[in-house]
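Please go over the structures that come below.
Same chain, two partners: chain A is paired with chain B first, then with chain C.
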Partner chain A sequence: MKYLTTRKYAKQSVPPIPDRHLVTQDLTVNLADNLANLNELLESCYDIVIKEFKIATNPSINASILFFDGLVDRVTIEFNVLKPLMFGLEEVSLKDLSSYESKNVFNIIKERILSVSELETVHNLQDVIHHISSGDTIILIDGYATALVAGTRTWQSRNIDTPENEIVIFGPKEGFTETLLFNTAALRRRIKSTSFKMEAFVMGRITKTDVVLCYIENIAPYGLVNEIKSRLDKIDIDGILDTGYLKELITDERKSVFTQIEHTEKPDRVCAHLLEGRICILVDGSPMAMVMPITFPQYLIASEDYYTHYIPASFFRLLRFFALFIALLLPSLYVAVITFHHEMIPTSLYLTIAATRQGVPFPPFIEALLLEVTFEMLREAGLRLPRAVGPAVSIVGALIIGDAAVRAGLVSTPIVVVVAFTGIASFVTPAYNAGIVVRLSRFAFLFSAAILGFLGIMITFIIFITRMVSISSFGQPYLSPIAPLNLAQLSDIIIRRPWFMNVKRPYMDGMENQRRAKMPHENRGDGE
Partner chain B sequence: MVKTRLIFYYLGVIYNLYRISNFQIFCFMIILVGPVAFLEQPGRVISIAAQNAWLTSLAALFSGALIILMFSFIIKKSENPFPYLLEEHFGIIIGKFLSLIYLLVFLFITSYTLALFVNFITNNVLPDTPISILIGGLLFVGYIIIKSGLESFARLCEIIVYIGLPFSFLIIFLGSFQTPDIARLLPIGYISVKDFSLALVSNTSVLGRLFPLLTFAYFANNTAKLNSVLFKVLLTYITLMTATVLAIIVVFGANTVDILAFPIFSLVRLIDISEFINNVDIVFIGIWVLGIVGALTIFWFLACFVSQYIFNLKEFDFLAAPFSLIIATTSLLMSQNIIILNIITKHLVIYIYVLLFILIPFFIFLKSLFYSRV
Partner chain C sequence: MNKSFFLSSLILLIFLSGCQSLDVNETSVAIGLGLDWEASQNQFRFSAQLAKPIAAGGESSEDDEDAFIVVSETGETAFLAARNLTLILPRFPLWPHASTAILGENIAQKDAALYIDSLVRNPNIRKNVGLVVCTGTTPEQLMQVKTPLEPLSALGITKIIDIQQRLLGIYAPITIGEFTYKLSTPGIEPLVPIATVVKTEDSEVIKIDGSAAFSERRMVGKLNEKESRGYHWLVEDLQAGGIITIPSPDNPQKFVTLEIIKTQAKVKPCINDKGEIIINIKLTADGNFYEQQTTEQLLNLKNFKTMEKIAAEEIEKEIAQAIIRAQELNSDIFGFGQNLSKCNPKAWRKIEDNWYHYFSDIKTNIEVDFRLRRSYLTNSSFKFS
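Presenting the complex of A and B:
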């Protein structure tokens, strides 16, 4: 039936598609021709505004402006573009104008009449389309095969807000928004250096999305910057709507669940990465910045660590490592101990657990699996439900369903405690992406514990680690500086190194400028 | 012929980026000598040298140093890694023949290590689990490791050493506090020369397992400091073995050890902390499995590497799959009968280690010393 329906639609007459070569054509000196071509290209675009008018010269010159409604600042267009062109030529004497060659009228308009800060010229229809789609206004003048582009971009956007997924107590609370310019401004405001480079790309055959590659020259390895640029250049896709699209297209290991690019909503975190020689990619329409190369241990570092004293920061970092193991292994260890190795725990404790398990119809593995799946469902439901309802559902799920399941004798109390504790531990990881890996891997450990107990856990652990050590993020080993070992860097991974000792940036292949600070005594030496 | 291969080999090294750090070499070597010796060596030397076994472990420092110097000299004087160096020193026919023997021995040692471990597991921890499942599981892990490449394997070895080495010392430390009696070490030095020599040979033969160094050294990114790395390996091994043997003698006494199948395992079972943490043997086995997997995979990897030389293959990692079948079958056959495994452990393995990992390298050493082309 579906097939027939599709066929039915297929038989309908298809409207003529504009000549695809048209878009690559250059502008002509004839305004009417240019407008005809643009009208053909922009057919059925209800938001396009094309205004034809006459420039107040003697004799008058025909001209047109084009823009997409909703993307432009109409006040700027009316007061800085239309008004000067239609009425503002009194400031330039007619004598001056008539004395110029006709080609110079264009230059006078560009240099003396239009009062917009951003003004450039384009020569073909493709550029015209790109600029009006970006919120610029195109001015076409009869007799010239060149169009003027006035920067009139403005649109409604979300206000800069605290990132929802990266809550901090200390440090900046500003987050990225969906507007690329705001995001680049947030970075530029923090790094006031000419070495800070932002290279723009337009990606997506249809969406023509603006993508910006940010790095600090002389700190980011030159080879790495070129490698990322070449990977971006190779992308040929119809549209880029979020950083997630790019992520899968430029990573080293596309099939791996281990994420090799960090996503963050915090400009200060991006700046910290840039200062360590990493590279950031911003995509218009996405509030997430991508940072690369990234290694797994860095997911356990919170930007807040560097805003607080190094001793509590180090404690919390160690706590995160501990929580990572808890989140990964606790349910499987429980299943292994209760199913295979109950001699490991003291008799009194085992008897207590055994008493609570009396009457429970499921083996420990099924119990753990059921509760883990339920917990994951509750977590997903909490994320997707409206904010007003989400927390309520989570509480109902956690308290009422858990309590009811225990009372009904479907699960035992210890497994509820284990799963709840695991759930809490999994929230300790600052990076959401890394948390997903842990959540998925937990099930693999659970299955192996049910089959071979502790031995199964260790076998899965070896496979887990082997997979981790075999992947790299843009040439950086994924588990570095743990494996391969780099003691100098490890001291700023396991704990938070004090700033007065943090004189070197983390090493990356090809990095030439590794020194980030001078030791206090070196500064004293300079003063003397 | 050799030079052509050398060029081909180094091109492979450069393009596959097979470069490993000295610390990774250290980890490889520790995994080779540590885990198996940790399980079987204390019982073996205590049964020979009784309460003075720890002295023989210490004395292995000197014999071990000689072995290390021998390997180091061979590496310096050879242009090619093992097994290519066999052809370099003995000519193509003997070189290939010896390589074939080494291939069989590597497969045998992998199977033996696997059988020993599986037998230990089924006797002590998981008695109802079919041997085939355990063998299959461990071989699957080894296969994944080999397929992931030497660089990844080297990084994995680092993780294994981070976890395994501190844990081994912790076990010994905790174990030595379980009803120790220093008097069990007495009388010190009361030992015949024969027993001392036998125990010393036994301890030294384990260091023959450093033989894969002849291959791995050529992948190292800094060969200048290789000697220093090897002496660190030796010191770590001697410290570990001496501490283990001392702890076992102090806790059980030499006479009791004679009737224990795996004394270190018995020591682990004794550990009791505040009457709450006890019976941690499964944790010990879990950690130990890391080392065993590492050790058996190194020899398995070498078997593949040697095959590449013997059969002039362009790649070798695809051999991991067919070799896994051979290893699985052989280890299944060994595991079926504990007597066979005991005979291999007590009478065969030591001779293999001495002959193939010490005497043949010694012959190469002599040849390099007296007939050096340089």
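Presenting the complex of A and C:
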């Protein structure tokens, strides 16, 4: 495996965060100093709330709480933090204060007063800043160089919804949201095992984003988990806003267009991957989970395959393989046949094509290129368009480009059919980013078909395959199990293996625990 | 250095290739090829039936307009004549789509060496192009005639030959590949269907009428319909289809039609003690009862046997006729010589050089076993009350 280097970042001088000297400081016993420091750090932060108050002991102690508005649960703060602190201590002090050996107000507050489930202590300003940024409430008490952190995180978030990009007919319809906690919960709810591990990282020099690495111990290869951890450790970047940032930073072949990591919005799909020993990374703020290592044939697998009966599922999977080749090769095959290999199509088809091409000013290659680019533009525009104008684009696309261009004699009809068919085929691939690879490669095939016909397609195909074979995804050959060939695993790639035969997990380098089920006859023996 | 060398060689490889690209707009598809000999000029005449592009969308103007044009040019060689077409044609002719090659009578009766090379050597002509000889007219005129329903008559000719073989069973189709094989193999000669133009009152149609027997590189004569059928029985592969009419067992003036569902011929030559070559032909054929003209109940055991016998005799007669005709023409279309060379190579080597000396005296021993199988929807005869 290749290891990541962080040299790029080390060379450049990262502009220092201005209050760096303050951040590293510890808290002092003096509340006024602490507040002064924090005020300086949080200057021009509109959303900070600093509330100074007195703890009702005798004599009263100055204290203050700090939080970012909008990230906290106000009710919790008011009823479980502020109210007990301001009024609760009186009752305690009357009865028990004397019995406390040290009369340590701080400990009493921590242990007896605050009715919050998450309570921590921190000692320096850096941690204080980190916690309030995350939505916790900081309680500073005069006379103590320690701050109490009450977990009051809560914020408005999007509801858990059906993923818009991965639509299924059968199976769970739940999708990830932007909130990390909901996402981890969605996974934990599905895998109720202590061997399901989620390790947290904080990444991003400025954003301090929470990143969680999920895997199932004993299934995920130990070496792979360590490798990914070490790759994550080496990342030094100012911010991580989406899983897409990490993806390019941790893959083996960063310059390759072939994606080696799958993105999915569906917790059930992630769990299926986890159960096969793969590793998932969740990033706070991103509704996409990253799963690795992924090899190319796996992009053709839809999670739905495993929820439907295996015979139709196998049929659809074969259909997807067919569609992949259509999406990749059809326009170039058409161009090659029409430009070079006139003898390869039936005479009547040739005559029909010849009739439609009469008076068309461009050679087939230019025609195909024009329409392919137009199709991609339409697709791209369709993604970005506000809903209200969406239909307008489809009308323009269907009528103007499809029909009027043919009538105007700019393009011939067969190429419109070919491009439309290819367009449909390219969306059959369940993984959107694998579809992108196919779409880009199609242009390479188109060029080579225009230059050399079938020979050109062959050459490009050989280059294409050679490139795919040569790369690896976290140590997994990118075309496995097709190359290197593994027939046992291939039976779950080309078709969908029925569950009663699906006894073993797909093999990964270093996997120890490959068996996932008992054969049905084994069950029968002890069940009856 | 290494990388740039690799890259530049790759680019050179791509751009210095010899392939020519050819736009569909600049091509014309030849469906039929015609070769004839222009005796007055002592030159080849090459004609081609070029298909017009079929207008999509079904805006049919088929009836008023021909779907094809016929062009022709002359030249000293067949190939030159073909290339001379570009003097009058603003399109690039595409030969690979040709489905029929038509040999004019004049050239068929001349030496095959004159034209065969241009057909065999040319990579753009498929070897499975059907071959016909046209008599009574020139290939150019033949291709001008439309076949009913099939807009491209050259395509129509091949289809006619294929369909009649399955339904009527008279002529055996032959391709350029088979033709050249039979021409070049000692002990077998090609038999090519003949296409002619038949004039009716208001129109002309193409009809397959007889077949041309070749011998020693040239067409030597014609076989009529009966004799062609006699030849068709002996085509060695399993044959299916075709019908045969025999005299009715109860009334020789009336006929019974039988459909052939399966025939298989085994031809085995042998040399007897006197040194004579005897060809044993054993034919097994299965047929169905298809039609009767009388009202007599024919489908009983006695008549069945009689009909089988009559049919067998009829087939035997046809085969014998064909063989006699071939012997007259001195053309070994049945491949008896080739058969002999397989069974008895030693004997064949002795007589190979003057095979036609022996061929005309060959005795044949024909044995036909015909079986009636089924009678379709009714097993009784139609009675008029």
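Simple rule for what comes next: the second predicted complex is superposed on the first by the 492 of 528 C-alpha atoms of A that agree within 3 Å, B and C clash if a C-alpha of one lies under 4 Å from a C-alpha of the other, contacts with A are read in each partner's own complex, and residues count from 1 in each chain.
The rule is simple: contacts are C-beta pairs under 8 Å (C-beta built on N, C-alpha and C of every residue); 3 or more make two chains touch, one makes a residue touch a chain.
Keep in mind that this is a model prediction, so the values were computed, not measured.
Trainee: Scan A:Gln358 for contacts with chain B and chain C and give back first, second, both or neither.
Mentor: So A:Gln358 only meets chain C here.
Trainee: Between chain B and chain C, whom does A:Leu485 touch in the aligned arrangement: first, second, both, or neither?
Mentor: After superposing on A, A:Leu485 lies in contact with chain B but is clear of chain C.
Trainee: Quick one: classify A:Ser193 as touching chain B (first), chain C (second), both or neither.
Mentor: Touch status of A:Ser193: no partner.
Trainee: Check the residue A:Asn104 against both partner chains and state whether it touches chain B (first), chain C (second), both, or neither.
Mentor: Touch status of A:Asn104: no partner.
Trainee: Of the two partner chains, chain B (first) and chain C (second), which one does A:Ser133 touch, if any: first, second, both, or neither?
Mentor: In the superposed model, A:Ser133 contacts neither chain B nor chain C.
Trainee: A:Ser470 in the overlay: touching chain B, chain C, both, or neither? Say first, second, both or neither.
Mentor: first
Trainee: Identify the partner contact of A:Met458: answer first if only chain B is touched, second if only chain C is, both if each is, neither if none is.
Mentor: first
Trainee: Determine, under the contact definition given at the top, whether A:Phe340 touches first (chain B), second (chain C), both, or neither.
Mentor: A:Phe340 contacts both chain B and chain C.
Trainee: Regarding the shared-chain residue A:Asn218, is it in contact with chain B (first), chain C (second), both, or neither?
Mentor: A:Asn218 contacts neither chain B nor chain C.
Trainee: Would you please give the residues of chain A that touch chain B in one complex and also touch chain C in the other complex?
Mentor: On chain A, the overlap between the chain B and chain C contacts is residues 340, 343, 451-453, 455-456.
Trainee: Write out the stretch or stretches of chain B touching chain A in their complex.
Mentor: The touching residues are 21, 23-24, 121, 125-126, 129, 133-134, 137-138, 140-141, 144-145, 148-149, 151-152, 154-156, 158-159, 162, 275-276, 278-280, 282-283, 285-287, 289-290, 293.
Trainee: Chain C touches which residues of chain A in the complex?
Mentor: 338-340, 342-343, 347-348, 350-360, 363-364, 413, 448, 450-453, 455-456
Trainee: Give every residue of chain A touching chain B within the complex, in rising order.
Mentor: Touch list, chain A to chain B: 340-341, 343-344, 346, 451-459, 461-463, 465-467, 469-470, 477, 479, 482-485.
Trainee: So in the complex, which bits of chain C are touching chain A?
Mentor: 14-15, 17, 19, 21-25, 27, 29, 31, 51-56, 94, 96-97, 99, 124, 126, 155
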